[in-house]
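In structure tokens below, several structures.
In the two complexes below, subunit A is the common chain; its partner is subunit B in one and subunit C in the other.
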Partner chain A sequence: MKPVMTFALMTLRNLLRRRTIWGISIVILIALFGIGQIPGFGVSNEGRFILDFGLFGLEIGALLLAIGLASNIYPRDREQKTVMPIIAVPLSRSQYLMGRFVGAAIVEAAAMLVGCIGLMIILIMNGHAVPADMLPATGLLLVEGWFLLAVVFFFSFWTSPPLNAPLTTLLFIVSQMSVSGFIKLFPQAPGLMRTLRLFLPHMDVFHIKDPIAHGMDIPGLYFFLAALYGLAYMAFMLSVALAVFRSRDLK
Partner chain B sequence: MKLTVVILISAVLLSLACKADYDIEEVAPPEHLGTDHHDELDECEHEDAEHVESDHEHEAETAEPGSVHEESHEIDVSEISGSNRHVHDAGQRNHGTGWFFNQPWAASFIWGKMLRDSLILLVLAAVILFVSGYRRKHQ
Partner chain C sequence: MEKFPLQVNELEKSFRKKLGLSSFKAVDSISFQLSHGEILGFLGPNGAGKTTTIKCILGLLKPSNGKVTLWGLHPASLQVRKRIGYVPENPDYDDTFTPLEFMQMFSSMRRLDMSRERMLAILDRVGLAKWENVRIRSFSKGMRQRVSLALALQSEPELLIMDEPTVGLDPAARKEFRDIILAERQRGASVFFSSHLLSEVETICDRAVILSKGKKVVEGRLDDLMRTEDHYRIIYRVSDDEPEELEVEAAGLQKSIDDLRGQGYSIISVNPLYRSLEEVFLSATGGGGI
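On to the complex of A and B.
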């Protein structure tokens, strides 16, 4: 475990030196600030719109962060030939993947926390109450972001970075669809589409912005189950990514 | 031998999950979908329609012969629109909010399925790790 954490901290320092993370974080904060500037036009409960759009912005931010953070890590290591000495002696391939993943996951968590605090400040500045479930809701979006991070790592082992981003975005979009909606994409083969949909997560599990915006209470058990579901999918994607990485010939 | 057992277990889990994937609307019990309320709404609309029709008949009876019949929609509109006609309590499931309540947080009957899927995914992740490690070791 210690080698993984050491390598994760190395990854963290590497990522913080890159401009990508700062650029995406600034874009998220500017978007949140823009949402806060939308005039209310006298509509009551304007805070709902700010909260709804704000949490949606955080979700898109999680996707962009996952792509921006992880799509270049392995291709760059391979191009600069740093991956070979790393996995030759001190680390196994699984430790390499976990170290890289944990480092990127810490950066993503910090960025989401900053986004959440930014949204809270905007709500307070506009004279609205901050819902109690705001942090758990951001936590679920973070779990979704970690899952996307695992997906980006998976794609990065067998595709180029320019292809990684559209593939991850496509997976993000189709994972939002219901089973029936997904079957409608190709209704001639419902069985095949249902089986394909099986491999995609139900992303709506992580969406609780509607009830929060309407002031409805969500049981703590749901947060636990949704987080477990997301973490299980993340573990599944990481294991598939590791299987691909183990089968790669790095020479 | 170990590898065969592992592959068999994962195949069984996958087939189980294949049959069990779902949309909330597909697996929702009738009381969750709130079909009773639709009937109530239909009855309500039907009553309104009858009421409007009877008003028309009444106007036709009282109108003087030969005069031009001017339909006044203002009275009808005031009766079929506005907050007095059809009001729901906040947070109540109705014909317009089905999408809202067909989300996982509101459908507690699928929470067990979420837990089942999570366990299947964790087992599959362990299986994939084992198989890929086994293959790597024997290459």
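On to the complex of A and C.
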């Protein structure tokens, strides 16, 4: 575990020093500033709007963060050959993947937390109550972000960064579709589409902004099971990514 | 009995060409071994398959055929990783870190319990004493090589694998590297040394393997490789004069000795003629560029 954590720390420091995190912070601040302008439009139920837009922003943020943080890590390591001396001597490929993943996951968690706190401040400043489920809801979006990170790592082992982003976004979109929506994509083969949908992740389970914005109660068990589902899928995706990485020659 | 630090048996590595319809062999059935405490020079023209072989030895590439073992184990095994140090060709470490940070992180990843003083001593040994806290972004190629050497030496490896370690170094730095390699051998390490600089191989290596077009064309002790079988040098003296020498072909050696003796000369020594490693290399590779 120690080598993985050391390498994760190295990844974290690298992301900090490359100013990646500052770029992310600026984007978060701009997004929060935009959401903070909602009361100025004089809409009714502005608290609901702020929550709705805010959680939607966090959801998209989770996707963009995953792509921005991870799509270039391995390709850059390979291109600059920094991966060679690391994998050749101190680390195994699984430790390399886990170290890089954990480092990026910490940055993603910090960014999501900052976004969530910012959203809470905007709500309070405009005289609205902060829903009790907001933090767990952000937690679910973070789990989704980590899952997407694993997907980005998986793609990064066999595609280029420009292809990685659309592939991950495509998976993000289709993973939110219902079975009927999926069949509509290719109605000629409903059985095939139904089977395909079964194997693709159901990311819609992480998106609970509507019930929260409407003040509905969400059972704690739901959060637990949804998080478990996301983490299990993330572990599966990392295993597949590792299998791909292990099978590849480092030329 | 302890197994060889490095044993390569019938190693073959093919790569697919761009469209994947055909492949080419970068390394073609090569075998050799490295003994304990030995410095083995690994030579060949560009594209001969040296770096591909090294990557197979390090477990970065999977052999298409054949086998590589280090102390009888698979190259990727943890026991092997703990025992080797690797100096890559043109190392390009993450340039946002300093040498000392790298030493700290690598020692932690290797699970070594190293004091800061010990790390500084290693950096001092490779000539980076005053640079330990400077980000390697500003380092020259030669200084990056020194970082690489420091990281390789960190674990006091039993086997040092060096891929063109002195490329880009000035003559004084090359001498420092050579001295360190010899000191490591003195400590008991075995060294696998790939280089383009034949004079360097000639100076420090015990044996050499020469590759050409993916195949092993020559292997042997440097003394044996450089000694010619067909030419000899006779050193003789006429009364009290300075000794003189005569180079003759093997076929006419005995006749030449008899003739000299017949003329009253005393024979001081008869030795096989030595070629330079460059001559050995050029004849083995058919004059291929270094």
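Going forward, the second predicted complex is superposed on the first by the 242 of 251 C-alpha atoms of A that agree within 3 Å, B and C clash if a C-alpha of one lies under 4 Å from a C-alpha of the other, contacts with A are read in each partner's own complex, and residues count from 1 in each chain.
Basically, a residue touches a chain if its C-beta (ideal position, glycine included) is under 8 Å from a C-beta of that chain, and two chains touch if they have at least 3 such contacts.
Source: prediction; values computed, not measured.
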item	value
Clash or fit, subunit B versus subunit C on superposed subunit A	fit
Subunit A residues touched by each partner, larger count belonging to subunit B or subunit C	B
First (subunit B), second (subunit C), both or neither touched by A:80	second
Touching partner for A:207 - first (subunit B), second (subunit C), both, neither	first
First, second, both or neither for A:91, with subunit B first and subunit C second	second
Which superposed partner A:188 touches (first subunit B, second subunit C, both, neither)	neither
First (subunit B), second (subunit C), both or neither touched by A:17	second
Gap in Å between nearest CA atoms once subunit C and subunit B share a frame through chain A	7
Common ground on subunit A, meaning residues reached by subunit C in one complex and by subunit B in the other	none
Residues on subunit A engaged by subunit C in the complex (per definition of touch)	2-3, 6-7, 9-10, 13-14, 17-18, 80-82, 84-92, 95, 249-251
Residues of subunit A defined as touching subunit B within the complex	93-94, 178-180, 194-195, 197-198, 202, 204-205, 207-208, 210-211, 214, 216, 218-219, 221-222, 225-226, 228-229, 231-233, 235-236, 238-240, 242-243, 246-247
In the complex with subunit A, residue positions of subunit C that touch it	15, 55, 58-62, 76, 78, 81, 84-86, 88, 90-94, 96-97, 105-106, 108-111, 148, 151-152
Subunit A-touching residues of subunit B, taken from the complex the two chains share	14, 17-18, 21-26, 90-91, 100, 103-106, 108, 111, 114-115, 117-119, 121-122, 124-126, 128-129, 131-133, 135-136
